[in-house]
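Residue numbering begins at 1 within each chain, and the chains themselves are lettered A, B, C and D in the order written.
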Amino acid sequence: MSSIFEGFLSTPEVMQAFGDHSFVEAMLGFEAALARAQAKCGLIPEPAAQSIVGTCKVELFDVDKIVRESARSGSLAIPLVKCLKETVGLFNPSAVPFVHYGCTSQDTIDTAMAMVTSKALAAVEADVKRSATALLTLAHRYADTPILARTLTQPASVTSFGFKCVGWAAPLLRSLDRLRVCAPRALKLQLGGTVGTLDRMNGEAEEVISLMAKDLGLSRPVSCWHNQRDEWVALGCELGLLTGSLGKIAKDLVWMSQFEVGELAEPIERGRGGPSNMPHKHNPVASMVALVAAQRVPQRVAALLASMPQEHERALGAWQAELAEWPVLLMSTHGSARAMAGALPYLKIDAARMGANLAAMRATLSSEAAQEWFDPALAARAGDLTRAQLALVNWSEATNLAPAT
Amino acid sequence: MSSIFEGFLSTPEVMQAFGDHSFVEAMLGFEAALARAQAKCGLIPEPAAQSIVGTCKVELFDVDKIVRESARSGSLAIPLVKCLKETVGLFNPSAVPFVHYGCTSQDTIDTAMAMVTSKALAAVEADVKRSATALLTLAHRYADTPILARTLTQPASVTSFGFKCVGWAAPLLRSLDRLRVCAPRALKLQLGGTVGTLDRMNGEAEEVISLMAKDLGLSRPVSCWHNQRDEWVALGCELGLLTGSLGKIAKDLVWMSQFEVGELAEPIERGRGGPSNMPHKHNPVASMVALVAAQRVPQRVAALLASMPQEHERALGAWQAELAEWPVLLMSTHGSARAMAGALPYLKIDAARMGANLAAMRATLSSEAAQEWFDPALAARAGDLTRAQLALVNWSEATNLAPAT
Amino acid sequence: MSSIFEGFLSTPEVMQAFGDHSFVEAMLGFEAALARAQAKCGLIPEPAAQSIVGTCKVELFDVDKIVRESARSGSLAIPLVKCLKETVGLFNPSAVPFVHYGCTSQDTIDTAMAMVTSKALAAVEADVKRSATALLTLAHRYADTPILARTLTQPASVTSFGFKCVGWAAPLLRSLDRLRVCAPRALKLQLGGTVGTLDRMNGEAEEVISLMAKDLGLSRPVSCWHNQRDEWVALGCELGLLTGSLGKIAKDLVWMSQFEVGELAEPIERGRGGPSNMPHKHNPVASMVALVAAQRVPQRVAALLASMPQEHERALGAWQAELAEWPVLLMSTHGSARAMAGALPYLKIDAARMGANLAAMRATLSSEAAQEWFDPALAARAGDLTRAQLALVNWSEATNLAPAT
Amino acid sequence: MSSIFEGFLSTPEVMQAFGDHSFVEAMLGFEAALARAQAKCGLIPEPAAQSIVGTCKVELFDVDKIVRESARSGSLAIPLVKCLKETVGLFNPSAVPFVHYGCTSQDTIDTAMAMVTSKALAAVEADVKRSATALLTLAHRYADTPILARTLTQPASVTSFGFKCVGWAAPLLRSLDRLRVCAPRALKLQLGGTVGTLDRMNGEAEEVISLMAKDLGLSRPVSCWHNQRDEWVALGCELGLLTGSLGKIAKDLVWMSQFEVGELAEPIERGRGGPSNMPHKHNPVASMVALVAAQRVPQRVAALLASMPQEHERALGAWQAELAEWPVLLMSTHGSARAMAGALPYLKIDAARMGANLAAMRATLSSEAAQEWFDPALAARAGDLTRAQLALVNWSEATNLAPAT
């Protein structure tokens, strides 16, 4: 029931993660964890918790109805909690008052969002690692292969293809490093109760938070983040940076794979990249996906940043805008990461053509100028730099990448 | 298979219009119209056209498969045409070469986009008219009702509530006027063939275009618009302006419906606007939806504008980014228009509270200052302006609005 | 006192128009026109008006001080009016109470903004006409010159260079057409008084508005637009569309002027486009300026749209954000228009290279495929379309363009 | 020579930092440091270096001319280097070939940008600390003061004003923490030579880089970052987050300082926040500045992210767009930080009114509901949380903040 166009720009797993079924399941996961923790702390009766936990199974719910009713209440959690109470009531009416106890809608929604984002992020990281590995391997192999270096789109001098590859890889490795810091800060439990003070938890709030965070595999928040979204949006920014770095690679690939340049090409797959009746067409569709993401994601990040001033204890409009923008950010990011991970290991590299373009450029110049700026031997310097940078990669620890052998 | 969060921020009809089923249906509608027109012009055999037209029924196709395969080809039209050829081939193999004859993927996709947008836009306009009518009715009724005028959020002087209402209505009427001009320019057939020259149409291109445009209820393009998107994006801008004007109304409603201000309230519906356990909560959720749209839509418009520089005869990345951003723009716009149309006719107006707030302000000032700036009689001037503006509304012709009686 | 980087991305005249001196001059122009009109209507004494008008000369004011003090008051008009009263008081103390009579800061600022924008817009339009003329001339000349048509960056078939040129020109002509409609709606007097009701004008408001609008060369508003900005922002959107269309041209120029493609080049000027020590570098800097604008302007438009929900009778934050974004929008737009107007008439076209690239593509294919998709004769169809579109241009009336002879 | 509107939205020091004089000075600082380092490494003769260093004084240059000529060359560094060579040539012609030796324009510009940004950032951080200190002091003082907690703009329950304050402070402290990590990664020397390989440095590149970085007080880059901008744009994102967090504070202040709410007010200064003829107006202009920044900065960040895909070894368009967007980002950020730092320590808090609003809410409810949701005693729980969070602040080390006594 949404735009048909995300299909070829994202991935099934991330679209699924933010789909109705998965999100309702995550919200139920939150409610179950809450009941478990509150029972452990004596806040609600153990039998009530058992009924609630036993009922928190997505198969028991009419997911479509919950989504449909969210339009009336302006919140996904309100119909979820209502349905959960009704269903718990069928089995154990005395447990009903303990459903969603001391909690607020935003607790459920934000936590569920962190849960599904966590899955999506793991998929992103795995694909980025595949791309980085592929690029480092290419860097090693083509460290000394001369190629025109182009500034402001015009030939400027000589570099090596390997140096370009290590340049593409470096920001991916940095993104992985930074994600290791900022993801745990963002992927944390939300639990504040009505207005952020957890006033119904009878002094057990800290313990409930600890138990739930552990149960759900999320970080333990220092305080609730209902209306202070900086650590959450910081993760969004980080994904924006990653998509930008992937877009840089894609853009270079496209420029280099023009017919007239011909220095490389995306792998050819049957049924991919061209209409069947045009045998000469070989469209760089993986790069296209990454470029689309690089063009769309900045607008998503802007929307997240613009939604940060959230008035009072829970915003009207700004929070909901943030919620709606977030999934598309992840979808685009993974679309890009997956597309590049699928293309980079299988690039068709044409080193001869690189040399030919360089020679063609030399041929237009006086021999002096040709020698000063376009001596193929200049690639050696680029090769040395490439090797120096490859040596800095901490293959095993830092990125779990396989070394480029 | 998309974000769960659009559900309460958009409307079923627009989400459906851009959903898989509806869009594939529209693409098939394009292919059928093409075959009909080409047969009429003698470009393809009449029996082939009959087979193609007869096959262009969405029920005959596996929509999910087409969407799934779009991920490989990077285009929705490629698998659509492939499936259409296969299905036509089952009934009439000799018609297969005449499927999608002389056409390109972008012809199919852009035209289908115009078709579904046309439907969505009609829904938007209908709801905007409902809002405008409601506001003009309020303007008439409350033309002379004094209310604090506030600048930079602080009381500045006196106006009338009717004057506020006519001020809210005016940009909606202007939006409807402008849409009447720019929508037909945007909602036009796309037909250019591989590179925009329709070189396979044997001199019948103009006639094919005329027939198809008429058949599909779209405008006849002066030229194909594969890579020149200004008139299309202009419609997007117009929706941005509309959403901004609706957002202005929503923002004022929210400020005025604060507990401490209390000058009006959104209509109360059971199950809407508040959790069941908090009887005191009456959240302005219609305004919320309009504010969310006003916050998200500018980013969509930015994305459309940023995608305008589309290289060569069909862009890689920019076109596809535009396609993906477009549906959400319509979804948000109609979400906003529908929410306001649902709330404005039923607003609870508290004229006494308006007067009380004004009196409270007067009470803080010297009598001289109170009289200079906060004399309730100042509302009369606002009332006269309100009536003057109401007199300008061309109720029947310009907007098909019912007069405010 | 602002960023050094606008210098090479904008133009002196637009930067000047929004500079301190020019803007203060425009605000004084507003105050003088107000006094003149109010005296004519008997609202203020004629001698007072004469003193005010005589004092509204920018040379009499310490512009830097006004700008500096705006930081304290949060408004440019507050220190302007204060200084104006002081200066009027030196010559004619009895006139002081009639300075800025019945007016509000926003009246002064918005009107001044419309005045300086009007000048900037005239400069934009003149340069767009130069570009359009140049492109139509090229379209005429190269109507039948074969060139590779490229889709998704890969050769797809054949078109003509003239067809590309008329495709570049068409949206510029459409922009000029649309500006003729939307500019007068935007460039209008602002006059509402404290809260939009002009309650101090003693029934003479309509007459004051008419006189002032005529005096200042602006449109007469139907109502004040303090907090309803749709017609103003609509002009901003229009500039966004124009910049996008110019960016499309620039992008194509850059792709076509790559060393390996070589189908055209920006004109070479001494000292332009390359460091002196690299004789081989010929950077397309005019295209660069247009591309920068096409990348920045969408964000400006987004900011304008996002600022539309302006609460109550004058917004806190949203209005001021709009004011600050507006000048950069005009600066970028004219930077782009000027750069293209400077480059397009002097493009170096290499028709032979266009042919050679086409031949090279043919050489990679079977003769059958080469003939089907890359027959140079396909350019004739593009030529016919080019001529048909050139015939539609209303050279004299519609655009004041000289016909392409 | 730029928009008059930045004046009241930014600060003199940051506008100056990115002004013509300061930026040319920074570029000269780069050239001097380069000469010093290269002489030390034996790459250029010591006397040449002395001549160059001695000439790199901004007073010796016609700054306006350099800026003016940048419009022709499309780069600030090209006219700078040209003028520098001319001026060096007047004193020591033999030194001319050693000016800007082995370097490229982007080295000069990016490094100068890092230098002036470093200054601007120090100003931002100082003001954020002032704000954080003020808020923590308020948090301490009002830890137990009851106030309505509002969700979706409607009263929801009770919190304490101190808890709101510590909630405002926390993201500022986190911003300072994150800046400590990301600023050094961004504020680094750029030195790559023509195409990033420093091929003219004869094996001394590493040493030259180390010397220059130390000399200029910048970080030492692992590799040149000509076309990989992630660490630079990451700083931009961080400023976006900071501005968002400041905007949250400002928004709450505005809502709370409405006449009808009256729970606090910005400090009153003579000549600030209101026209002299309206004694009742007390506009929250500091909040206005922060809100304007929070509305504009997301668009700046989007522009930076969108500019990340920079083709080849130096981008045409994307790099220059980034350069132009960057200064306004810093200007807005510091405008916001300064405005809040000027207002927060002097806020007028009206605890009685907080209590009165709470009482008014209670009065509308049944006593049971009033007690359940609006018992003033609920503030105690918020107070405990406030104290717990204050205890976590590492006053001396982490932020150099004075403890709230």
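What we mean here is this: a residue touches a chain if its C-beta (ideal position, glycine included) is under 8 Å from a C-beta of that chain, and two chains touch if they have at least 3 such contacts.
This is a predicted model, so every value here is computed, not measured.
J.: Report the chain whose CA-based centre is farthest from the CA-based centre of chain C.
T.: Between chain C and every other chain, the largest centroid distance is to A.
J.: Any chance you could check whether B-D or A-D wins on number of contacting C-beta pairs?
T.: Most contacts of the two pairs: A-D.
J.: From the C-alpha centre of chain B to that of chain D, how far is it in Å?
T.: That gives a centre separation of 38 Å.
J.: What whole-Å value do you get for the distance between chain A and chain D if each is reduced to the mean of its CA atoms?
T.: 27
J.: Got the chain A residues that touch at least 2 other chains?
T.: In chain A, the residues touching two or more other chains are 104, 150-153, 156, 194, 254, 278, 283-285, 288, 291, 294-295, 299, 302-303, 306, 316, 373.
J.: Please output the residues of chain A touching chain C within their complex, sorted ascending.
T.: My answer: residues 148, 150-156, 254, 257-261, 278-285, 288, 299, 302, 306, 357, 360-361, 364-365, 369, 373.
J.: Which residues of chain C touch chain D in their complex?
T.: Touching chain D from chain C are residues 1-9, 12, 15-16, 18-20, 23-24, 67-76, 78, 81-82, 105, 194, 250, 254, 269, 271-273, 275-276, 278, 283-285, 287-289, 291-292, 294-296, 299-300, 302-303, 306-307, 316-318, 320-321, 323-328, 331.
J.: Under the stated contact criterion, what part of chain C meets chain B in this complex?
T.: It comes out as residues 104, 149-153, 156-159, 163, 167, 170-171, 174-175, 178, 181, 194-199, 222-223, 227-231, 233-234, 237-238, 240-241, 243-245, 247-248, 250-252, 255, 291, 294-295, 297-299, 301-306, 308-316, 373, 378, 381-382, 385, 389, 392.
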